[in-house]
Amino acid sequence: ISESEDGAAVVGTMELAGEGSLLAASDEGSSETGRSDAGVRKVLATPVARAMAKEMGININEVPGSGPSGRVKKEDILNFKSPSAETSGRTDA
Amino acid sequence: MIQNDLPAIFRDFNPIEDKMLQVIDNEGNVVNEKLMPVLDDETVIEAYKQMLYERIADEMAVSYQRQGRMYTYTPNIGQEAIHIAAGMNIREEDWLVPAFREMGTLLAKGVTMKEMFLFYLGNEHGGSFKNVRHVLPIAISIGTQFHHATGIGYSVKYQKKDEVVYTFIGDGGTSEGDFSEGLNFAGVWQVPVVFTIQNNQYAISVPVKLQTNSINLAVKSVAFGIPGIKVDGNDFFAMYLAYKTASEYARAGKGAVLIEAFTYRRGAHTTSDDPSKYRGKDEETRWGLTDPLIRLQRYMQSKGIWNIDEEKLIEEYKSEIDAQFVEAENNKSYPWEDIFGHMYTDMPDELKRQKMEYEQFLSWKENRR
Amino acid sequence: MSVMTMVKAINNALDIKLNEDKSIVIYGEDVGVEGGVFRVTEGLQQKYGVDRVFDSPLAESGIVGTALGMAVSGLRPVVELQFEGFTFPAFNQILSNVSRMQNRSRGKYAVPLVIRFPYGGGVNALEHHSDSPEALFAHIPGLKVVIPSTPHDAKGLMISAIESNDPVIFMEPKRVYRAIKQEVSEEKFVLPLGKARVVQEGTDITVVAFGAMIRECQKAITMAREAGISVELIDLRSIYPIDRETVGNSVRKTGRMIVVAEAHESFSVGSELIAIANEEAFLYLEAPPRRVMGFDTIVPLAQGEKYYIISPDRIFYEIEKSVKF
Amino acid sequence: MIQNDLPAIFRDFNPIEDKMLQVIDNEGNVVNEKLMPVLDDETVIEAYKQMLYERIADEMAVSYQRQGRMYTYTPNIGQEAIHIAAGMNIREEDWLVPAFREMGTLLAKGVTMKEMFLFYLGNEHGGSFKNVRHVLPIAISIGTQFHHATGIGYSVKYQKKDEVVYTFIGDGGTSEGDFSEGLNFAGVWQVPVVFTIQNNQYAISVPVKLQTNSINLAVKSVAFGIPGIKVDGNDFFAMYLAYKTASEYARAGKGAVLIEAFTYRRGAHTTSDDPSKYRGKDEETRWGLTDPLIRLQRYMQSKGIWNIDEEKLIEEYKSEIDAQFVEAENNKSYPWEDIFGHMYTDMPDELKRQKMEYEQFLSWKENRR
Amino acid sequence: MSVMTMVKAINNALDIKLNEDKSIVIYGEDVGVEGGVFRVTEGLQQKYGVDRVFDSPLAESGIVGTALGMAVSGLRPVVELQFEGFTFPAFNQILSNVSRMQNRSRGKYAVPLVIRFPYGGGVNALEHHSDSPEALFAHIPGLKVVIPSTPHDAKGLMISAIESNDPVIFMEPKRVYRAIKQEVSEEKFVLPLGKARVVQEGTDITVVAFGAMIRECQKAITMAREAGISVELIDLRSIYPIDRETVGNSVRKTGRMIVVAEAHESFSVGSELIAIANEEAFLYLEAPPRRVMGFDTIVPLAQGEKYYIISPDRIFYEIEKSVKF
């Protein structure tokens, strides 16, 4: 059923390090590596706004947000008239 | 307070004086004739056979595990006299609330080796003991079973049933709070429970002297106002007498009893344990001389009732046990739904949802192939 | 009908069940002669005798562990633990055995056991007498966890809990024990476990709460109404199983949710409800569902408790923040 | 096992034989001359004064509570001999690990009534006992303190310090698993801990006979291999002797001791309890005759060392205690930040965030006004 | 540097600290002569003597309760509980005292105590030997809860835990104990408590995990890469305090999150992380954050465990579902 091992695990079977189970060493700890989190530049929108935009075929990136920090809210989608959305003319609407 | 009409053995073998009840010695000689329980020869032979069966089953289980055919197993070797003496006293309607090292008593209650094997093969159906009456599953969280036994004792008493509850614990287990609490409740409630400490000298690697500073383990009964007695656990007759006396006491409505069965775990703690790390060969050899099977065999031989073709019997047992193992091993059915099916008596919506989502995953997996 | 406090309503439920079913026994610390430190079991020992209603030794693990033994052998015990803070000596019995015996025995041994205890703050108590540990129990599979908020609910839920064949953790908001009264039928009635109650319908935001917080929420809702906000209030009643359907429906309607509870917010019922709101109503969310809960601190003694405990204005503040989001 | 060179009182008052150590009787007569501890008159008078102080403080606390000026309070009335006898033996460097009903011993360690009042007024700073050495806060979760005391005992022993640990529990508390576990660890580790059971006959409403079936509570020591003794807890001299003997035993490195102080909770369990629900007036009257203050007073009178103007003393105590209460009552400072400030030695970000969010709420609230 | 399993790495951390600080003592069941049932304390009693490394009686409440006593009187105990399933007899001591002594004594008694134990499934064990109770500890204010996933992390985090003046619950994924090896410095080094590690950067979805699940996630990530999905993997390392900054940054970037953990999903670390994702990254969410976790069932014995345990393909399935949402 399994390999045994050199411990005295009271119960169960323990997986033993085999081929390919050698992890790369880490140099963390000796010098702490600070992380930068640049590159977060996405449109801010509530999930419901995202959902409605998708539903209505609106590119949410084109919608001006009226909420704090320019977030796109449900109302913004409802009030948005996008040329692309009009021409695409959804048939299932 | 304990009532005054205690059976004589509790007075004669008062644990406060660190006495131990013994009937036969290591050579099988009767050392306490007047305590010899009245048993006909067939019964004695039957007892030996049951002890032998447990021993063989144990050895085979260990070897299945070594062959990689079974997961970790907990052998009983050396403690059979306790299990079978209890087993011969416990009646169908009596309750067994096991710890995890009293296979012989489980077998006496009707549990099969197939079920035991199934359990150690990782299938809950083996450990449910569903097919026998009044047996609880084994208790892995040490000590907790003492309360269950006491509670069942209360039920029995409340419902005025003629039932006795048997429960077990190890020497290590006596350190757990639930051990003391359980005995204390049993003392106050005067319930029909026979508590056994199997003092096999070790809790995994830890010897009794690191477990407690008390003169013995039976004496702990004093703290809870119930009678206690220390018994040679490798002496079948002493154990039989202790169980007979204790169960009569309990059935008479006098309350609970604590038995310390002084024994030795001859095998490893489990199949993944190596005792040579923490104890010497000479110690093992010394205790080997007290082996309960050898002692009973010698007794029967000296009494001239030893009529067993042991070799043949062992072969019989072996093939019967192996057949059970193979059956268990071949039981490959473990439907995935089973893991959801026993959590509640009626499955709550949350579980139904989780089950359904898992089913969706399974069919996605199926479709990917 | 008769006007009852929650204490009286639970007492009445216990009385009805004791009377109707001989397999029911009640025990715990001081529940006998004394009738419990909150008087929930008052008069029951006198009426049903010391074999059925009695004082146990002072040991919670023993109380719960023996009750499990009784439950698997024909009785239906209802045990009292004196305060939520003293449930923890019994935690091992609850988690390792009570919740698992049904599964371990593959259905051979059901565990018809009710473990009831007062919980929660707001009563100027010593340490260990003001806590709300529901999340700890709710995380343990195999248990049902129930919390009533009114006398009526307490009675109906208690009777259901006793009749359930599964173990039920029944948490009684001590702050509510005598604080409100209600006309409650003296007849037997049951309320389903696992079902929340919509206390009040509304359209702008869903507030989910339970126990003593329901009243605080109602006060906050009055403030919200004055500010023109329509609130839907859900009383969870069952913590596990949790009624995700009722919560989901409501949040899909309102697009907003706050959870109001006394417990420490981290890893709490609040966390769970936010997960549920995401799973059930993600595409309807107009503001992040939020927890209005206790801090990750020990509940302070009386002088500091006012900072810890959730006040109606703090609930209103969060309602407004969510709606204005 | 317990060592053989036990001090005589442990042999002469063996709890197995249900004996109880007593030095003076209810009339203050010396009934066991050779056990009378050698104390000069001033010390005896001082002991009485301390007992009186505790009594007065208690009565005042109860009345503040009745006046609605303080939350629920736990009176000590009737148990003062135990507390002061312990207090007179405990040294500055010794440890006190209290339960919740030994105010006199706390006072002896230097805790002030102002702190006690502050605590019962709902301020943690009163209960921290920050200003005295080697005193733990009171233990509300019953029984848990036994382990803390044993652990401190291990520390003391490991660090080879000349310190003794004193800890307390009630009769009800002896049913908790931690009581037994704690004594068991202490037995194995042989730590310098003096364990006291204040057997005041009740756990709230539950009488001792529903708590345990053992013949007495001191006898529970047998289960853990430590010496135990039952002592008249309302007899100051008996308690003094017990503590002196026990602490010397512990300091000599011989291990722990269990003392059952047999006493009576003359007051209610707490100010919200009504004992008439569960016990009769005659019982209370009977026990009233054994009151430790009266007994010590009688002893002093018969010995002719009673030189106290008690009325005056009581007035003195009252005004001093009242001043402390008023100080505590006027302490209105409880900055909200305090509830976050003591959870960790360094505050984690999660708590900082919660604190900041609460601050935002507070300023919103401020602005709304 | 030397190649170490996690067992060896923790042993090495304990050795370094025992050697450097005489106030450290180690005890528990079978940790002495035996060196622990998993051999984590192997050789330490021989090296440091029975006063510093020793076997205790079999009583978890006693182990933890006495350790608290030691911790307030000058020692720094590191105690082992044998398995996660046997931590519960000690739950009352942990919740009622260990986590609270610092606050109760207003800072007079800090509690420099490490409670370490193996946890988690995947080793074909008996009941109580496969559980993941981290949420229960994380909900208790006053504790720190740490879980390493690699030998290197185990060593650095263990040294930090021992040096912390606050009590630390140190949970060791037993499945990983000997399953992987890593070059680990033999010198002393520390890793900060409360900080997660970004194991791998990615842009499409954030996967948060810890302990034994990190390896399973890495396997799933390989599958995802083949499907053209870029995954960011976060190893939480600390369950409490939880690193909401790292999680928030990541989810703001990816807009998606799943949590992978072995524990029962209800009222879990998964629930908490979803709450955090909502609080920290609500306006960036493109799919509902989801839990890929254990069911609300007892972890099955070996034959059934394969259904319970989270497999890489189940993780991949959920990654794909989220990305396609």
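Per-chain residue numbering starts at 1, and chain names A, B, C, D and E are given in the order in which the chains are listed.
Assume a residue touches a chain if its C-beta (ideal position, glycine included) is under 8 Å from a C-beta of that chain, and two chains touch if they have at least 3 such contacts.
Everything numeric in this text was worked out from a predicted model, so none of it was measured.
Steps from chain A to chain D, minimised over paths through touching chains, total 2. Listed by label, the chains that touch chain A and also chain B are C, E. The interface with the greater count of contacting C-beta pairs, when A-E is set against A-C, is A-E. The geometric centre of chain B is 43 Å away from that of chain D, both derived from CA atoms. Centres computed as Cα averages put chain C at a distance of 30 Å from chain E. Rounded to whole angstrom units, the spacing between the C-alpha centres of chain D and chain E is 40. Mean C-alpha positions place chain B and chain E at a centre distance of 36 Å. Of all residues in chain D, those that touch two or more other chains are 124, 127, 140-141, 175-178, 181, 184, 188, 210-212, 343, 350-351. Those residues of chain E in touch with two or more other chains are numbered 34, 37, 56-57, 59, 61-62, 85, 88-89, 92, 96, 103-104, 124-128, 141-142, 240, 242, 266, 282, 285, 288, 295-298. Residue positions of chain A touching 2 or more other chains, listed in rising order: 1-2, 7-13, 46-47. Inter-chain contacts occur between A-B, A-C, A-E, B-C, B-D, B-E, C-D, C-E, D-E.
The touching residues of chain B, counted against chain A in their complex, run 68-72, 204, 269-270, 272-274, 277. Only residues 1-2, 16, 175-181, 184, 187-188, 190, 210-215, 219-220, 222-226 of chain B touch chain D when the two sit together in their complex. By the touch criterion stated above, chain C contacts chain D in their complex at residues 29-30, 32-35, 37, 55-59, 61-62, 85-86, 88-89, 124-128, 265-266, 295-298, 300-305, 307-308, 313-314, 317. Contacts from chain C toward chain A in the complex involve residues 255, 282-287, 325. Residues 25, 51, 56-57, 59, 61-62, 64-75, 77, 89, 92-93, 96-97, 101-110, 141-142, 144, 164-166, 194, 240-245 of chain C are the ones that touch chain B when the two sit in their complex.
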